[in-house]
Amino acid sequence: MQLGMIGLGRMGANIVRRIVAAGHTAVGCERHVEVIDDLTTELGGRFRGSTDLVEFVAELDTPRVVWVMIPAGLTGATVDQLARLLEPGDIVIDGGNSRYHDDIARAAQLAPLGIHYLDIGTSGGVYGRERGFCLMIGGAAEPVRYVEPLLRAIAPGVSAAPRTPGRTGEPGPAEQGYLHCGPAGSGHFVKMVHNGIEYGAMAAYAEGFNILHKADYGNRAGGEYSAEETPLEHPEYYRYDIDIGEVAEVWRRGSVVASWLLDLTAAQLRADPNLDSFGGRISDSGEGRWTLDAAVDIGVPAPVLSAALFQRFASRGESAYADKALSAMREAFGGHHELPGQE
Amino acid sequence: MQLGMIGLGRMGANIVRRIVAAGHTAVGCERHVEVIDDLTTELGGRFRGSTDLVEFVAELDTPRVVWVMIPAGLTGATVDQLARLLEPGDIVIDGGNSRYHDDIARAAQLAPLGIHYLDIGTSGGVYGRERGFCLMIGGAAEPVRYVEPLLRAIAPGVSAAPRTPGRTGEPGPAEQGYLHCGPAGSGHFVKMVHNGIEYGAMAAYAEGFNILHKADYGNRAGGEYSAEETPLEHPEYYRYDIDIGEVAEVWRRGSVVASWLLDLTAAQLRADPNLDSFGGRISDSGEGRWTLDAAVDIGVPAPVLSAALFQRFASRGESAYADKALSAMREAFGGHHELPGQE
Amino acid sequence: MQLGMIGLGRMGANIVRRIVAAGHTAVGCERHVEVIDDLTTELGGRFRGSTDLVEFVAELDTPRVVWVMIPAGLTGATVDQLARLLEPGDIVIDGGNSRYHDDIARAAQLAPLGIHYLDIGTSGGVYGRERGFCLMIGGAAEPVRYVEPLLRAIAPGVSAAPRTPGRTGEPGPAEQGYLHCGPAGSGHFVKMVHNGIEYGAMAAYAEGFNILHKADYGNRAGGEYSAEETPLEHPEYYRYDIDIGEVAEVWRRGSVVASWLLDLTAAQLRADPNLDSFGGRISDSGEGRWTLDAAVDIGVPAPVLSAALFQRFASRGESAYADKALSAMREAFGGHHELPGQE
Amino acid sequence: MQLGMIGLGRMGANIVRRIVAAGHTAVGCERHVEVIDDLTTELGGRFRGSTDLVEFVAELDTPRVVWVMIPAGLTGATVDQLARLLEPGDIVIDGGNSRYHDDIARAAQLAPLGIHYLDIGTSGGVYGRERGFCLMIGGAAEPVRYVEPLLRAIAPGVSAAPRTPGRTGEPGPAEQGYLHCGPAGSGHFVKMVHNGIEYGAMAAYAEGFNILHKADYGNRAGGEYSAEETPLEHPEYYRYDIDIGEVAEVWRRGSVVASWLLDLTAAQLRADPNLDSFGGRISDSGEGRWTLDAAVDIGVPAPVLSAALFQRFASRGESAYADKALSAMREAFGGHHELPGQE
């Protein structure tokens, strides 16, 4: 079977590699010609590419399967172009980080043209090539069924995890690592919530590590008292010098918090035990915000997911004005002047 | 009636001033002799003081009323000294920011000696002199009754606020601004929760002001898209240049969020419209932490109070290690390198 | 001057009453004829009304000032009708709880017709009649200037609060209780953030009161130990029986948390000391959600405002599925079966 | 080598089973004689037990290794008894859920007697028997070294997870699944933080699942508008009927949130797709609370861990009074009466 891939960045290229490794072929579209050349060399006769969208479309067998894997802000324009170039029965897949609202609009835009639209939330990051990608799919049943051989090639496969107790017989799609979640938008909706959870779980680890990191505070704290600062009541309880990299390692086996995120963290702490190479400004790429928007819309409490998101904002300095306002209030009612910048 | 005051800092001196203004007399104990001299000059014959505790105690009429108003870390040693100097029937008052646990211990320590102990949580800050202090009192009924003339002089009095609907007849103590809350420790317990609420309410304003402050973000945001950053979907919704000082002012009259904290904030914003004189490192003085400890002990959800406390910690850089851990994880699974330090 | 008011519910009628009390006249539009009749009787010759919008418009002096004060979901249709009935130079005011997005759209819709549009966020609730309403106004400068006599009649006036230090001379609009915040939508934007803060401040009090409420937990807790339950380490610290109504009362005078919300709470606790008449299902009326949406859009941390909102969701049972999921996980890894429904 | 185990509940018995399976022997102490009998039968000659502590101690080879695995509230009394029965060189291990404060005290209590004390935080739950237990150890180096053969038998071993990149050569203890974290108390300290993280990560999943669960809200919501309720602005965005069990399954392979907790959740959802067998009252067993206490003591922000803890409190009805207070305030300023108990 053949996959057309628009965008041969890290994710797009790795999906193509898995497709080819599974015995399928791929055609790429990408404005950097050297990326195409490199991939052509790497994958031999099973891949070819073009820098031109019209040429790319012409290369594809019908019904065409066109996977769009580009920054979310550019996807709309590309879908518009595809709407003009494709034919009834063709399938457009958005595998990027689009907001699911856009999927609903795009599916409705393409439907009158007879073009199918699938939104496929794709998780796996840089490890996806070897580990496989987890695929969350929204759209109609027919095109999902049609591309299933490709999905199976991209997904991790059932052997990637022990089977869940109670699941027997022929493994279903979810056990292979891909799931048709529902109609248009549902794939990116589920992926969005996935990322919301990811933010929350990451923050849980980060806060815990921060507590371990400061477990020696009883040694550091001075013994002086003032009306402004709370002395540590029991410094003897905080005299631990914890090796956080070793803790992350030991938790990987047998503990309740064992996870892939922890595996990665253990590797990072192995390579950089004090995390000195990181500045701690944390980007957020949309899904965490949209998850919170959804929670607010439908009235679901999300205290953990929101706390995780807000910590990211604050890591980029976005609490500064609020902090100044608090200082101003404290000075006003208490005559509390700020202390100089000691930690 | 006579009040003995140990500690003539801002709070102690202002309490003495209210006592004297109400026609009582006061004796002070304070190691800075010039503070005593100044207050003696200011208050004429109704105040005298000493730098020596023994001398101070000797000056007091019996039964002695000794109000201790010093940093919480020093109160214990002073109470120990008083235990040796005072006589049965004397009354020790801790008006500082002690943890209520200590009150329970100190009341038990003094009881066998026949010395009464009252813990009086005292709110009012630098405005207390004119506005009066709100007094939350823990201890036995008898000494509370004995010192009531002093409490009435220190508290704001019923005219400080309109009477609550349903309260008629002779105003009770709470309407005067002082309240016997219960046995030893209950005064500081109620004051502790008061400060916990204060942190939460302050943070509510600060967050709101921060949103107003950034309401012009649609003008500031660039138009570029990347896989790392979320473009603002509707920049047209964020093109407001709000005068926050004027907003604080207008909310003071007729709005649901009118409060004394808002009055103070309006004054600060009037004096420094951009809050440029504040760095935004926010101290915390114990009560907010203890409130959270209490909530955890007795199993009461306190998401707002804890968020307010944690924002203070974070304002002092205490999220740094957690933020680095998050950056490390993001790099690991997504190959996301941190962006350079733009805002 | 004359005000046209569409919607004579609690808020609309009280605004009309203040307008009339200030010497202006008013015309009302309201589908319940008995409401119009009652108000006509009450206000004598200075008010008349109609159940018909066309008739109502015909009654108004030009340029017409039409204040729409109806549920937000109905405002759009009414503005559409007004667009057909009004003339260039007329002024439409939305004083309800519309989302500011809609104001931007409506101002743009009416501008080509020469009709002015003002959004006026109106705070004050049931007390507004006597206390005056706090008005936050968005729109162009010219119509704001035109309706200023009406705004002054509706707003509380400068005497409603002591003047802020540093404010001298002729009091400005903010000191009167109304503020032109900026272009279309800014009035409801500022009102939205106001309500966000309101939710946060309310939650701060509610959490604090909850801690006081359970301060007797050391008396209630059993002495039994199990692997599932944490025994209270120090029951002796939680043996207080706090009179919460008295605490609310004492905090009204001299304390840092004195506020109008606290005044109201003290009155409610006076009338119903155990709050037995309340079930604790808390509605939310949009602004708290929209505040959070805005914070997320522009990347401002809002942990307190979000916690307050989520508590409202949870009060309506919306955590139930999450709680079940947690129970399911605990059973899975720990064999922890849920305890029967004791508190 | 020989292990003495006090307490043959689920955890204690499974540790004994792993010890025996590894070729060591064990002696048990347990008041339920039938438990001893069953285990004796099951394990043949490699296990024997007693209901009497004196007899149990007499059975042990010296230096004795006594692992105490009983509810935390009972551990102190048992350690006191052991202090009287054991001899210099013997080793007491607390493998239960003690607070690490107690470990510091117990190690200090036993040190003058020449008895070693180790605190071993033990994670793994009901799966520990097959999966091995993750062991976090506090105490002196010498006794840790002595019991290492036993630790290796109890821990999962290096094969339980792929080796972390950068870790080569002979696997260290952390890679085996046990870690000497530091002096007395550090084992339970690290275990405590582990559980704090566990609470946070669990809540992240639970909130995400709750959002998926309500993703059909656009179908459910009525179309009516009132001043009290916010209509759903875009019901078309919430018309998904997500199969949450399938989502949990698909995330197990290739996604960023793959974890052991997710594995367990997938199994629970397989067995009970709507989680109907759970009531959603969530216990908390101390460590989550103590983690928060530690964060507060040392000034580390923990918004996620605290939100997770408070959700548990709230699931047991502990927000009720706060909710009533909020309803009371809303009624006071807005005349908002509570809606009847619809969801």
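By letter and in written order, the chains are A, B, C and D; residue numbering begins at 1 in each of them.
We adopt the following convention: contacts are C-beta pairs under 8 Å (C-beta built on N, C-alpha and C of every residue); 3 or more make two chains touch, one makes a residue touch a chain.
Fair warning: this is a prediction, and the values are worked out from it, not measured in the lab.
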Field: Required steps from subunit B to subunit C (each step between touching chains, minimum)
entry: 1
Message: Looking only at C-beta pairs that count as contacts, which pair of chains has more of them, C-D or A-C?
response: C-D
- prompt: If every chain is reduced to the average of its C-alpha atoms, which one ends up farthest from subunit D?
  reply: C
- prompt: Using CA atom averages as chain centres, what separation in Å is found between subunit A and subunit D?
  reply: 28
Field: Inter-chain centre distance, subunit C versus subunit D - centres from mean C-alpha coordinates, in Å
entry: 44
- request: Please work out the Cα centroid separation of subunit A and subunit C, and write it as a whole number of Å.
  value: 38
Query: Got the subunit D residues that touch at least 2 other chains?
result: 125, 203, 205, 207, 210, 214, 233, 256, 260-261, 267, 289, 297, 299-303, 307, 310-311, 314, 316, 318-319, 322, 333
Message: Which category does the touching pattern between chains fall into here: line, ring, star, complete, or other?
response: complete
Task: Show which residues of subunit C lie in contact with subunit A when the two form their complex.
output: 256, 289, 292-293, 296-297, 299-303, 306-307, 309-311, 313-314, 316, 318-319, 322, 333
- line: Touching subunit C in the complex, subunit D uses residues 9-10, 71-74, 96-97, 99, 125-127, 202-203, 205-207, 209-210, 213-214, 225-231, 233, 260-261, 264-265, 267-269, 272, 275, 278-286, 289, 303, 307, 311-312, 314-336, 338-339, 341, 343
Message: Show me the residue ranges of subunit D that touch subunit A in the complex, using the header's touch definition.
response: 100-101, 104, 123-125, 128, 131-136, 155-158, 160-162, 164-167, 172-179, 181-183, 185-186, 189-190, 193-201, 203-205, 207-208, 210-212, 214-215, 217, 232-234, 236-243, 246-247, 249-263, 266-267, 270-271, 291, 294-295, 297-305, 307-308, 310-311
